[in-house]
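In the part that follows, the structures are each spelled out as structure tokens.
In the two assemblies presented below, subunit A is common to both, partnered first by subunit B and then by subunit C.
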Partner chain A sequence: MSDARLRRVQKEIRDCAKDKTSNISIDMIDENPFHLIGAFPGPPDTPYEGGYYEVDIVIPDAYPFQPVKMKFITKVYHPNVSSASGAICLDILKDAWSPVLTLKSTLISLQSLLCEPVPNDPQDAEVAKHYLADRAGFNATAKHWAQAYAQAPASKVKATHGKPATDADMAGLAEENVVSFTDMGFPREKVISVLKKLNYRGNNVSNIHESTVLEELFK
Partner chain B sequence: MASPDIEAECLTLQGDEILALESIYPSLIESLPNNEIRLSIPITLPSPTAIILQTIATEPSSSNVLPTLDLEHLPPLTVSIALPTDYPLKSPPRVVDIRAPIPGADKRSNWLSRKVLYKIGLRLEEMWRSEQMSGEGAGVIWQWWEWVGNGQFFEDLGLSQDGISFSLWVPPSLVPSTFHTLLNTFNAKEKHSEFESVAFSCAICMESRKGKSCAQMTCGCVFCVPCLSLCWSLAIEEGTLENVACPSVDCVKQRATGKRGEVDGSLVESVVGHELRARWDELKERRRAEIDPNWTTCPRISCQAAVPPPPEEDDQVVIAPSSRVIRLADIDKTESTATATAPVPAPVDDRWARHRQCPKCHYSFCLYCSATWHGPHTPCAFPQTSALVLEYLSYPEGSFSRLAMEKRRGKANLERMVAQWREDQENRKWLESKTRACSGCGVRVEKSHGCNHMTCGRCQAHFCYRCGASISPQDPYAHYNRPGQACFEKLFDQEEIDFYERQATVGVEGEVEWRPAVDIWGW
Partner chain C sequence: MSDHDGGDADPARVIDEHTDMTTLTDQEIMRLTESMGQEDVTSRPLISAPVPLSVIRDEYKNGSSTVLKKIDWLQANGWDQVWRARGDGDCFYRSFTIAYFLRILHSSEPQLQANLAFDAVQRALPAMQQVGFDPDLYEEFLEPLLVLLRGFDADTPTEWTLIQQLQDAERSNCIVVALRLVTSAYIRTHEDVFSPFLLSPTTFLPLTTDDFCRQEVEPCGKEADHAQIMALSEALHMGVRIAYLDRSEVQDINWVSFGPETEDPLTLLYRPGHYDVVTKDHLLA
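== the complex of A and B ==
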């Protein structure tokens, strides 16, 4: 069984190396063929365009009859990817896995997940809320993240924003909203985490009373 | 007679033609003496085609209409051809013998009529003539072979009315259904050997495998047996039964969206072996028992196999409605549940209906109380029945749990049990409030009137009806006469005294039984 697994993984790595059109790479970290790093470019016409995304791949003992374990190494701002751990919420990595799927096809699925988020089944609730409440703001933040963590060319981001991203930008928050609370004497870090948690963004700002924010800040 | 030159040229041409045929169709050509060759031409239609079987029977009746066959392969024609010395330049090849034997049937039977076979033979000569006209003078056997082998002759010889389906006459020597089966079997066998010889690329191990070591599922997907075996064995061992199905991406997606992807049991057995197949069946049954309220599990802890409901007997269903007592309340409820959940079976008042036997350990038990089968006439021991009724009553009317219980045990059965239980409860309540157990034998005694000193009619024990204590038969009233006793001056309850006083003052006669009172007052 393990022989078949090794043969298949080696074949997959070889085939992927031969295929120059998909732009997907699979590399070994060390001598172990069952712990790999996959990488693919961010899909065009998305906030992730120009970024380069690395994925940690662990091949389970019962591969390919059990799904491969994948998580983003590169930080991604996406509703179905945990912004903290890189964990991915995707059906084919769980119950919709088929032994016919390969490392390459799974990485392609991740790439298309970046194109089409599924906010109703989120991995990161805060990001999903941001995505649903304020699409433009979400896209800007995702771009900031692509620039900061995935080596997306800065020029593109600067063209839309004009200056380097701040910690408020990275959290998808408006600077003036952050300042209005830091001016009251709360530490900036705490303000950002509370506003993120409350999804204090876009139209939502008018729905959230200042006292709610203060209540959270005093906790 | 042709000149030796021409004959020599013809001999070369013949040799070339036979060599070419042999290299295309190895082992299908046999050289016979007298410059004859015997061909065995397999017939493969370009796509599965409907074949309608017709019988010579004069009157078409429904009994001899056979189901249409869907065939791709037909048994080969065996043809013996004599090649004249001046073929192909001057003379046509001559069909010596042409037959369409049916594998598995009598050697003289042909699946094509003599007339059709004769026409097929004639076509060889016609082909040669048209070839002559074009001046090529080349051999025509290959061309004719093609014409026969791809079934083109069906159309050209008018065996098809609509161009989509072909008709065949059932040979007189064969029973139509036998002919049908033989053709079908041949087709299946050919398809199988075709599948076995073709190479498939298994999408799991990514290796190319001969069809012989592959398996094809009903969905059409093909995987190699070693991969399927690993996949399904793992699924069976881990109990993820939904994975014992086609592992292709599309089929997995379809199953994830609720479509069923059943795999044939014999295929599973051929892939994972007998032992795992048995385990798979067992797990499936067990899961079914969990989902289907008609099933239950064997109550023996060491067994716990899934136990199916007894096979439904038709007469049982017919007799059932008349044999049960119909109450108004029942009619209302059965109708409303019938609309809510269609599969609820008609309530059957059959005491054998609660009998179950485990197919694995053969334990025979009662569905209601899970105890060893106590026969159709003995009611379940009370505690179990009571627990069952309490469970049933604890679910709100119309709830899923209630419907599930009704489905499993029968609505009428449950209602009868509830009614019985309610009656028992009422009886018990009444017994507790209106009667007193004899301190000697425990029999319940009701006091209709009179004092609290009781003498049991059965065991003659003396006891106090008020507190239940035994009273000395020698001095029974000491219980009521000694100050400090709980029943001091309570030989009569206050209501009893009031009653008699009222009777005395009103002085009603004849209306109530007055006599006992007189007796009592007279102590």
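== the complex of A and C ==
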């Protein structure tokens, strides 16, 4: 089985290198053709624009009959990507994988996943809640992450006016909301983690009673 | 990942050795068959040498009398050999493959039939290109099928050599993928015919042609249902007849025909959730 697998992967890497229009790259790590790094630019007109995204690729023994394993190396703020591990929720990486898909077409699918999140089938539930409750806030946070982790240029982001993103920005929270609880003496890190979990953002703030937040903070 | 628990809609009852087998519904039989497949799926051959129909009958000894009657009808009418496919979701495509080759092998002119089959596959290629599959990729999956068909020119295989060839995992998986792509291309190029029947097997909601093909046809391990069977038999111009071993009360047995009317159509045996091949013993015929 491995001969056909090796032939196919090598051909896929060659084809991808030849194709200059897709802007997608696939490179070997340590000369191992079954452990690769894919990369692509963040799609235009999204919060990821200007960023550069790297993906860890592992070719399983039964490839192409079984799906390739991919996860983001670059941190991404997106409902279908775990903000902690980079794990991706996408049907073609699971039971909708088909042997006619390739490394390149799968990376292109990841690119379009960045354009069109699927919040009702999330990988990261907290991020998905943020996306659904407060789209503008979500976009701003995703941009902060793109600048901080994916080398997106800061000039594209109006909201910060060139100021470096704060820990509240990175969590998609409003500074005044964070301060209203740190002023009570709670540690800032704890406040941010609790408000993130409760999706204390946008219109949702009025739905969450202060006592609910305090209960969580005292845990 | 915790967001993916589907949850069973109907609470499944516990089925064990005390359960009266005659009370099993088709759905329960399907679940049992599936879980059976998962347990020892890798220890079973992809396709087996033929076993007598009585082996299948023994499995239903304490089961539904309706199913037993149907098995007895098959036996009485000379359908006495079963070629079992592994229950891994690709069983229809593997069953189709062995039945396709057995039909050629047992025809009066195997070389001619192999050439016709080779032609039929070639005629399916334009549709595959038309729907946008990469020729470099699908040609690689088709190659093992075409090599086996061309092999009839040099030296007619035997049942035994065929089985051996089709038990090779890489070859068999390639052929499964090739047939899945032929099926998908046919559905995609005949959208007007198929679109009313393209439903999700889990939600029973309509799917777009593209979603159906991407989710239910092209990936390995996805069971074939009527739409896929119809499409493959039409695409390769090969009639398929399926004997349904379900619990419906009918005279004799339900044979459901797919595709064009061909002489000696492929004959498959269906039990809820699984396909095998059923044939008459050609040595005795």
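Keep in mind that, in the parts below, the second predicted complex is superposed on the first by the 214 of 219 C-alpha atoms of A that agree within 3 Å, B and C clash if a C-alpha of one lies under 4 Å from a C-alpha of the other, contacts with A are read in each partner's own complex, and residues count from 1 in each chain.
One rule holds for everything that comes next: contacts are C-beta pairs under 8 Å (C-beta built on N, C-alpha and C of every residue); 3 or more make two chains touch, one makes a residue touch a chain.
Nothing here was measured: the structure is a model prediction, and the numbers come from that model.
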item: Touching partner for A:Leu217 - first (subunit B), second (subunit C), both, neither; value: neither
item: Touched partner set for A:Lys11, first subunit B, second subunit C, both or neither; value: both
item: Partner chain in contact with A:Ile37 - subunit B first, subunit C second, else both or neither; value: neither
item: Which superposed partner A:Ala174 touches (first subunit B, second subunit C, both, neither); value: neither
item: Touching partner for A:Pro122 - first (subunit B), second (subunit C), both, neither; value: second
item: Intersection of the subunit A residues that touch subunit B with those that touch subunit C; value: 1, 4, 8, 11, 65-66, 91, 95-100
item: Complex contact set, residues of subunit A against subunit B; value: 1, 4, 7-8, 11-12, 62, 64-66, 91, 95-101
item: Complex contact set, residues of subunit B against subunit A; value: 203-206, 226-227, 230-231, 234-235, 243, 247-249, 251-253, 256
item: Partner subunit A, residues of subunit C touching it in the complex; value: 1-4, 133-134, 136-138, 140-141, 169-170, 173, 177, 180-181, 214-215, 218-222
item: Subunit C-facing residues of subunit A, complex; value: 1, 4, 8, 11, 65-66, 87, 89, 91-92, 95-100, 102, 121-123, 125
